[in-house]
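Two complexes follow with subunit A in common, the first pairing it with subunit B and the second with subunit C.
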Partner chain A sequence: MSVERHSLEAPPELVARRRRGKVFQYLCLSATLVGVVTLVVLLADVLIDGVAWLTPTFFTEFPSRIPARAGIKSALYGTVWLMGLCALISFPLGVAAAVWLEEYAKKGWLQTVIQTNIANLAGVPSIVYGILGLAVFVRWMVPFTGGRSVISGALTISLLVLPILIIASQEAIRAVPGSIREASYGLGATKWQTVRHHVLPNAMPGILTGTILALSRAIGETAPLIMIGALTFIAFVPDGPRDQFTVLSIQIYNWASRPQPEFQHLAAAAIIVLLMLLLSMNALAIWLRNRHHREW
Partner chain B sequence: MSERAIIEVARGAGGGAPVASLRGARSRTAKEAAIGGLLFAAGAVSILTTVGIIAVLVWESLAFFRRVSVAEFLTGTVWTPLFVPQHFGVLPLLMGSVLVSIIAAGIAIPLGLGSAIYLSEFAPERLRRFLKPVLEILAGVPSVVYGYFALTFVTPLLQPLVPGLQLFNALSAGIVVGIMVLPLIASLSEDAMNAVPRGLRQGAYALGATKFEVATRVVTPAALSGIVASFILAISRAIGETMAVVLAAGMTPNLTLDVRESIQTLTAYIVQVSLGDTPFGSIEYQSIFAVGLLLFAVTLGMNVFGRWFLKRYREEYA
Partner chain C sequence: MPTIRVSANGEAALETRDVRVRYGNNEAIKGITMEIPRKRVVALIGPSGCGKSTLLRCFNRMNDLVPSAAVTGEVLFHGENLYADHVDPVEVRRRIGMVFQKPNPFPKSIYDNVAFGPRLYGRPPDLDDIVERSLRQAALWDEVKDRMNDNALGLSGGQQQRLCIARALAVTPEILLMDEPASALDPIASAKIEELIQQLVEHYTIVIVTHNMQQAARVSHYTAYLYIGELIEYDDTNTIFTAPHEKHTEDYVTGRFG
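Our next item is the complex of A and B:
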């Protein structure tokens, strides 16, 4: 055996293999950083374009043909209306569906069908929900919804976020250990008593986190709302659920699709507002998750 | 159980009046059944949604196909529904969607897979805790914002590099859609890699494999079903992507493979019609349902296939 074999140096073949590994590792790191850099560039681009247009009047004025006088008042009110109604509709429905799937449904074809169906619905493009909303809520249910109204939009967006909300709530319910249920049954509680007093309170932080994340998806939705006709010139604030409306994302689209640079700046300013709302919702969700996180 | 305990439990139920004895058991059973029924009804809303989507799409499409033959729709190469002479050949729109998805996949698959491998095999824990939320935020940025970004940043950036690049073009749209679906591939693939048991990695290390060899020849093949499923789901998402494409790729139905030109996707056409004042019942109005049905069928098919693939080819590590 040669002397080199006994030295501590790795054989050249292994050195080459390790070098190849290092190169690969840096390639993978760069791939990851592309995402990070894109996010930074995107935020910087929007801030540079829009921050100067974030004046107090931007929040208090209605949209206008004159860029300097245009604002997002109607869009902000519309967004709050839409989110509020959407939360009122989707939260009880989503949690109830999750409770049924996790606690009540017997293992069998019915549960499998509904579960598979929810997974499939989560993958349906949002614009298809817009088509559904247009045909069912805007046209068919017009005596109830008033046509192209906030409630039509909220119902459409609720159907869109329901699968996300149900899946998140199911995970939260599943994380509640079985021993808690058994203790409750052991004391003679019925199924609903067990669910209401033990399972749901313990799962609630997780459910709320999922709800906020689902709503943060809803707040940026644009295409389905264009379908149901939220893209009109709205220079008023909705008074009730059957009123016409516009939302931030639609206002952004409206401004971004115009060629004049002033409107591009307005779009950027509105994007800043939208992203701030979105990030605060995400921050709230993360805070909630960390605060109430419990190890069983 | 003592009667007293039963009373306590019944009181605890809230809502109804306290039940004083076992005689209340029947009403309690009835209440339980009613609640079970209500909860089931909430679950059934999802079934109603699916039925509603299919019924609406098929119903209005049937009206459309009474005026335009299915063959003309699926094989025609000219799409001019909004001016005379009207032609309803969907291929230009389908081509637009496919073109954007190919560009998006070209961006998202290598970058997403690279990110997944880095996060699962190489990243130190602290860096991972920073990178994961960043990718989550990237996935959460609304589509319309990506559209703005493509239009005002990506296209001007590319114009000096790609001669002949139009203001509205498939390339920028494809790139931002790729960035949008990248986190989906990264997180689903990473999940699949994390599910590969530690023992497999340790076995490979014991045989003298380097980290690179473990990542590419052990972990990636073992997680392949999850990785491929993530590609399929991401491409399906790219086909259904709307606002970024509407803003960046324009509204020109164009049967082309030239990524520098303006095109129109299936989704963008649906938006274009909704932007106008199209009367209910007109053929233009009905055409969005036919296009929507095609879009729904394609994306649903890919999603079902993706999940079937995940199940069928998953290695079970007990």
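Our next item is the complex of A and C:
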């Protein structure tokens, strides 16, 4: 170490260190590319297969044995019904649960147990919710739900998204600064007034974003809906929550599992529609988040 | 220890008796007994962690919001113990207002910030008057009267803090608790707050926590020096800063530690 160096040029030892850094950088890049390239190939494949089949009649026709006459009307209506009901059921439940956990619950073992369970429920395979839905909503609650109906499906999917929605809402509520709560309590506001006027309005953009992202996860769910018996060949649209239904994901599954190439194209076209729905929901979520972005 | 005695002639706005605050096993306030005279400014000074903010928060039960905090002893307000079972903390906080260290206006309009308090109790018909009067009292009216619907977060830090003071005044408290109200502000904004305190004391009792000893000397009538949860000395501000009885106080106010 006594050798005195005058040049600031990299010594061989540093060149070797830099080389190792570069290797790691390219390893990370290729890991990223695996995901991105696969996605692009998949999208391109689906687009090539399906775009030509995206005709107006595709949206206005019911499924059919004859590929040229088959459409997604019932599946599209079913998906909209399912998502709408699911939002109506899960949003109030999820937000209320999050408010209780964040603002009311005393920190203690009960809260910890509930919190841990919610986190675990968010990781339960969706088919398990399907089995639960079949037993509870389709069979046991048949006088109310009408059996294999839209409402049974919506209740099942609601159970599936609730943990995600609760966790997202809790995070949004936690992001509301404590100083705002203090200001409100300091003026003589009750807990409810504080939640109603400050916590919820300020957390709402985050809650809505979380809700939409949770629903966009649910829109592609197939397994639990097959489990509760959403039919695959339905030539009518639901008139009410107690009607039978099908959804896009099930329609895709059904078409994709048929041998004829025309049905493969139909499946691809339906996938495009589903992806468009999903992307617009995510875009809405991003727009909401940015519009309400706030500096404290 | 020299202390301020005013209760005999009924002039105490607040009176504490052996107040103790415990966070878990840690006692932050170790039995403080003191009186806050009516329509005077009392400064609480002391090094960081001495419990001055904790003590201040006992005066309007803000410590209730910290789940681990346990308060014992009595805080008397008009002879009534704030910690008695029948007392509702929400009502306490309306009567005894608070201004915080960091300006914390609501992300709403200037008008709605001030109107929030009065609206909590119903729909006052003279809301516009209350808002104007409060803003005038907080010396902010002239600066904001033409933009009452602008978002309060667009105001400068000093204006935001005066807005917070106006907001606290709008619910007509008798006592105003200020937790280092100027520490987040620049010197000019800080001077405005001090000037304001001197005007407000004509109508309100003010208890102010401050790190800034010059500020305590300038604005307060009485100063209490706290050290690790104990009240070391409480006297006329002049006495505390020029001829304190306790060596410990003298060391602190002359800047030998803290």
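Heads up, the rule we're going with is that the second predicted complex is superposed on the first by the 284 of 296 C-alpha atoms of A that agree within 3 Å, B and C clash if a C-alpha of one lies under 4 Å from a C-alpha of the other, contacts with A are read in each partner's own complex, and residues count from 1 in each chain.
Heads up, the rule we're going with is that a contact is a pair of C-beta atoms (placed from the backbone, for glycine too) under 8 Å apart; a residue touches a chain by one contact, two chains touch by 3 or more.
None of these values were measured; they are calculated from a predicted model.
Undergrad: Now for A:239: first (subunit B), second (subunit C), both, or neither, which partner does it touch?
TA: neither
Undergrad: Quick check for you: in the superposed arrangement, does A:9 touch first (subunit B), second (subunit C), both or neither?
TA: So A:9 meets neither subunit B nor subunit C here.
Undergrad: Given the superposition on chain A, which partner contacts more residues in subunit A: subunit B or subunit C?
TA: Touched residues of subunit A are more numerous for B.
Undergrad: Examine A:185 and indicate which partner it touches, taking first as subunit B and second as subunit C; both and neither are also allowed.
TA: A:185: touches subunit C, not subunit B.
Undergrad: Counting only touches as set out at the top, which of subunit B and subunit C does A:18 meet: first, second, both, neither?
TA: It touches subunit B, and subunit C stays clear.
Undergrad: Looking at A:193, would you say it contacts subunit B, subunit C, both, or neither? Reply first, second, both or neither.
TA: In the superposition, A:193 contacts both subunit B and subunit C.
Undergrad: Per the definitions at the top, what is the overlap between the subunit A residues touching subunit B and those touching subunit C?
TA: 187-190, 193, 197
Undergrad: Quick check: in the complex, which residue numbers of subunit B touch subunit A?
TA: Contact set of subunit B toward subunit A: 1, 5-6, 9, 12-14, 28, 31-32, 35-36, 38-47, 49-50, 52-53, 56-57, 60, 110-115, 117-119, 121-123, 131, 133-138, 140-149, 151-153, 179, 182-183, 186, 210-213, 215-216, 233, 236-237, 239-243, 246-247, 267, 270-271, 274-275, 280, 288-289, 292, 295-296, 299-300, 303-304, 307.
Undergrad: Can you list the residues on subunit C that touch subunit A in the complex?
TA: 60, 62, 65, 67, 90-91, 93-95, 97-98, 100, 102, 104-107, 116-117, 120-121, 153, 164, 167-168, 171
Undergrad: Name, in rising order, each residue of subunit A that touches subunit B in their complex.
TA: 14, 17-18, 20-22, 24-25, 27-32, 34-36, 38-39, 41-42, 45-46, 49, 92-94, 96-97, 99-101, 104-105, 113-114, 117-121, 123-132, 134-136, 139, 159, 162-163, 166, 187-193, 196-197, 216-217, 219-223, 226-227, 229, 231, 249, 252-253, 256-257, 264, 267-268, 271, 274-275, 278-279, 282, 286
Undergrad: For subunit A, which residues count as touching subunit C in their complex?
TA: 106-107, 177, 179-190, 193, 197-198, 202, 294-295
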